[in-house]
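First chain written, first letter: the chains are A, B, C and D, and each begins at residue 1.
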Amino acid sequence: MRIRRFEEAAEEAFRNARMRGALHFYIGEEATATGVCADLRTDDYITSTHRGHGHCIAKGGQLNKMMAELFGRVTGYCGGKGGSMHIADLDLGILGANGIVGAGIPIAAGAALGAKIRGEDRIAVCFFGEGAGPTGAFHEGVNFAAVQDLPVVFVCENNKYGMATTSDKANAGPSIAGRGVAYGIPGIKVDGNDVFAVNAVARDAIDRARRGKGPTLIEAETYRFKGHTVHDMAPYRAKEELEAWLKKDPIERFRQVMKSKKLLTVKDMDQIDEDVAREVEASIEFAEASPYPSLDAIEQGVYAD
Amino acid sequence: MTTRTTVAAVREETPQEDRLIFLNQALREAVDEEMQRDPAVFVLGEEIGVWGGAYKVTEGLLEKHGPNRIIDTPISEALIAGAAVGAAITGHRPIAEFMYSDFMGIAMDQIVNQAAKNRYMFGGKATLPIVYRAATGAGIGNAAQHTQSLEAWFTHVPGLKVVTPSTPYEAKGLLKSAIRDDNVVIFLEHKALYASRGNVPEGEYLVPLGVSDVKRVGAHATIVTYSRQVIFALEAAEQLAQEGIEVEVVDLRTLYPLDIATAITSIQKTNHALVVHEAVQFGGFGGEIASQIQEQAFDYLDAPVVRLGALHSPVPFSEPLEFGSFPSVEKIAEAVRVLLSRA
Amino acid sequence: MRIRRFEEAAEEAFRNARMRGALHFYIGEEATATGVCADLRTDDYITSTHRGHGHCIAKGGQLNKMMAELFGRVTGYCGGKGGSMHIADLDLGILGANGIVGAGIPIAAGAALGAKIRGEDRIAVCFFGEGAGPTGAFHEGVNFAAVQDLPVVFVCENNKYGMATTSDKANAGPSIAGRGVAYGIPGIKVDGNDVFAVNAVARDAIDRARRGKGPTLIEAETYRFKGHTVHDMAPYRAKEELEAWLKKDPIERFRQVMKSKKLLTVKDMDQIDEDVAREVEASIEFAEASPYPSLDAIEQGVYAD
Amino acid sequence: MTTRTTVAAVREETPQEDRLIFLNQALREAVDEEMQRDPAVFVLGEEIGVWGGAYKVTEGLLEKHGPNRIIDTPISEALIAGAAVGAAITGHRPIAEFMYSDFMGIAMDQIVNQAAKNRYMFGGKATLPIVYRAATGAGIGNAAQHTQSLEAWFTHVPGLKVVTPSTPYEAKGLLKSAIRDDNVVIFLEHKALYASRGNVPEGEYLVPLGVSDVKRVGAHATIVTYSRQVIFALEAAEQLAQEGIEVEVVDLRTLYPLDIATAITSIQKTNHALVVHEAVQFGGFGGEIASQIQEQAFDYLDAPVVRLGALHSPVPFSEPLEFGSFPSVEKIAEAVRVLLSRA
């Protein structure tokens, strides 16, 4: 069973690493989404960010629909209306990527509130970057979740930067996890590039939420291998810093562990790699072969009737 | 068009019997009935439980429905709006109360960028049946931060519906329709009307969204308005009747979707249009109404469409200034006289 | 000197206790504003709340202008345009009461930022109730002040209730002061009904801010003797609770200390009491004798030209 | 009225020499010059320092003026707006940048309930010289949360001024005037115009707030517009000229204070008015413009004032849909043809 999950994890991690055409790359941070979502049920909820491809795939999102959306085609997740920052798959509990930093936090609290009201054991996971740490939405959302003991896990992906702003210039205090105390909830820091470590911490937090014991605040330390967007060359970062982090590539590390623990052979993993590569290429072909939505779609889907 | 309204009126709005209650009671009944009718409905907001709501709309509902469905929140307007989004998109029908519509400024991102747009951004798949209720308007000395009429902001946001009741009867029927609507509805309750009494029949009835109502029939001029100004307009019409001026008063009731046809039909008859609202005149919703009237009834107009709204200032605290800042019965009557004197 | 200050303090405290005609009474909480403002310079700034009379008086506000404003007269602080919730006296550094809970917090941070930019040693004090603790404004304001080491002192008046909501239903976590850790700034709890204790804590925080050492978060524990507004009978509070707090009346306690330490005689204090009483009555006469603003004032003062 | 404009133009707007630069450069010069001119001026916002601003308006200014006057803030829009209030009321002239006007939803309380009202609520005593800058508008694939045109919200708030430049020349001159203005100015920069080039003279000049500009003279119809749509309107006018239709194009430049007189004078000549903006048509500022036109030029109109704005939806991501959602050169030209065909 664990192996099976790790296989999924691996597969998904690889997939993430292969994502292209996106505005905000998740490359280098795959272990976090993967390690967290590996323990979620299909009917659990996640809210995501502007850097949402990894979360979406880790929760089971379909590459074809994602890629088609990035291309603005009618076959995309949003029929081309949302684009990269607004991909959602409600059937998979993916309540949407979000173009507004921090905005997913109150929404996740609301989804958790809904589950609590219905007395279900579904939970919500809220992904957000450390750049969302200073937003009022973070505070209002986490405080309410803590007051109400809501079944939600807050996962801060601290990749050290929000555009060019370093975490310490954005967030006062020692750490995001350290804020747990202020809200009377557990705050845990974890190596966000170690899928096993993330998974272990997430499993406890998810379990805690499911048992109605309230929210947990996880801070996964990771790094944005690429620039903020496809256009950003990140001149504000030291070359050494990047190189040091490249050595901690979550996927490389995963491969090493798999190999040493003899859970997957290099051959297996290369095979997965190839399969994924093929799948991604197929999704691009799918997207490019898909038509654009027709103009009369513009005013459709605004209101439910 | 007037016919359509009347038909609608007959079909869904005939009072079964006489019962005078306050507008906030009427709203309470709407919330209570819908909560009983549909378990997906719940209420969240500040001081709605123990306190019973700043204007007592939810009084007694905590005892009746319990803390799981009447949820007192901290002072966190962005959270209130956003939690409603999260709950709605996962199958609930939240009613979120803002104590004063002025506080919605704190929640505008969640209301506009999340609630209003999620359905569309997600390709028309998501459904967000949310009612954002708020106390609005001036007239009771609350000063500039507790008195604004901000409906114009919301009418400009695709994905939102905007409702502005003027009587207890409509408040109840419109709120029930809003709660059952699968869209995000901004429901603006004029705080000076909570204590107004009106006839509200026992039991089930709905007032549909998007249907204006002719509140008074007249041949000389048409006043198009909504919310508390409907009451003022009717009083002004009464005064003018003494002078032999017969004014028709059209209550829009919902600003989006907007039934302008009822007003157009009236103006084609009276050839004179006065648009009135309590909100600041400049940049107000009156501009949309007046523009549509002159676009659609241009050849029927004997004079330009005139707008009457609040003066260009925040709402002042001092009583004489406050009452002097927004349209009054006298100002409305005078505006009609000037309008007719022009023809 | 200390005595002198305490006399002022006493005088101000008494004044607060005598305020009438207001919407939100500060009665029972006077020691906090008094103890804090006693160490402020005239050119220091304060931001206040909907319950702002005490802050205004403690910072030197004039009773006549305040009372006239409550009466909506042209002689009031705002010429009648603001009312109780919007009294300001910029010459005294009183940047305004505020009808929006939490809104004064970013404004105080801005005033402190301004002082820092000019390189002055002025500081800003931000008063807010525990009900503002959950607002996004609190978080954004305190976080920024901490990141920038701004010369500001955040004073939370925890009077246990925000309307009918108890502090624990509003704020997650053990305490407001406890949040200091999250922002990496000192967080201190103090008996808000003991003017000497408040003054001691405030003096350190003010001094710290003036020396450019950054913000402090003070939580003063106090109690609202009256209802939330003049209309509220506070049925949601236990009679015993109120009685217990009435025993801790800050002014009574102040009188005891003064007496026991022989700093002021009962006679002196009754004298002050009488003077203040007369002053307050005079302010009411002043207000009632003042005219209302003229109607053409409505559109004046919206824009500077 | 046109005369007044020309006078103003002559007095304050004559280019000294030719120099083609980008609009974001023009804005940078305005900020830089005003910072040198007045030590009370400083800038705060997200990514304005190290990054140089999302659209590079403040690039290089951190190096030049230092971190004390070019202040990178955390992602805290309410703080940005509120800190500007606190700094302004204590003697500074802050320029606060919102990366996208869409994010102002988070700061609406501070902008509307604090910045816009403090002066008035405090009896006209406080002075808040704040410029809130923001990138606005659609057209570059940013999707629904990074593309809105929200000027209508701000024009409806007494205490705010609203500026919407269409060319680099005006962007610089208007921004300098806004920075020197003692009021709260909402300065909306269309993001599709940052890379547009135009003639900007070296050195000091101002473009006053509250003065419209006739961008093209024509006899048959008047297009009243602002921001990027001015560029589209001029292109449409060019096309229509081929067909013998002479269109006059009035650029409002500032929406509050609003110089409608220049447009009225034009319409009294052309007898036909088309109001165009990129914002959603329903509830948009076009309603105010159209209403004032028909109020003031009623007897000169051969046809109703026509409005052309965006369709009723959030801005879609997919390119064909995005471009189809707001007014284009073709749609404007067609609207003029229809307008004239009616007379």
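Convention: a contact is a pair of C-beta atoms (placed from the backbone, for glycine too) under 8 Å apart; a residue touches a chain by one contact, two chains touch by 3 or more.
Source: prediction; values computed, not measured.
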Problem - Chain pair showing more contacts of the two, A-B and B-C - result: A-B
Completion exercise
Farthest chain from chain A by C-alpha centroid distance is chain C
Exercise for the section: For chain A and chain B, let me know how many angstrom lie between their CA-based centres, rounded off. Expected result: 41
Practice task
Measure off the straight-line distance from the CA centroid of chain A to the CA centroid of chain D, and report it in whole Å.
Solution key: 37
Handout entry: Chain centre separation (chain A, chain C; CA means) in Å
Key = 44
Exercise for the section: Mind pulling the residue numbers of chain C that touch at least two other chains? Expected result: 78, 80-82, 86, 98-100, 133-137, 140, 143-144, 147, 169-171, 301-302
Handout entry: Multi-partner residues of chain D (at least 2 other chains)
Key = 74, 76, 78-79, 102-103, 106, 109-110, 113, 120-121, 143-145, 158-159, 312-314, 316
Exercise for the section: Pick one for the touching-chains graph, please: line, ring, star, complete, other. Expected result: complete
Practice task
In the complex, go through chain A and note every residue touching chain D.
Solution key: 72-73, 78, 80-83, 85-86, 98-102, 131-137, 162-165, 169-171, 236, 292-293, 295, 297-299, 301-302
Completion exercise
chain B residues touching chain A in their complex are 42, 44, 68-69, 71, 73-74, 76, 78-79, 81-92, 94, 106, 109-110, 113-114, 118-127, 158-159, 161, 182-183
Problem - Contact set on chain A toward chain C in their complex - result: 133-140, 142-144, 146-147, 168-174, 178-179, 181-185
Exercise for the section: Under the touch definition given earlier, write down the residues of chain D that touch chain A in their complex. Expected result: 46-47, 50-51, 72, 74-76, 78-79, 102-103, 106, 141, 143-146, 311-314, 316-321, 324-325
Completion exercise
The answer for chain C against chain D in the complex is residues 45, 47, 76-82, 86, 88, 90, 95-96, 98-100, 103, 105-118, 124, 136-137, 140-141, 143-144, 147-148, 300-305
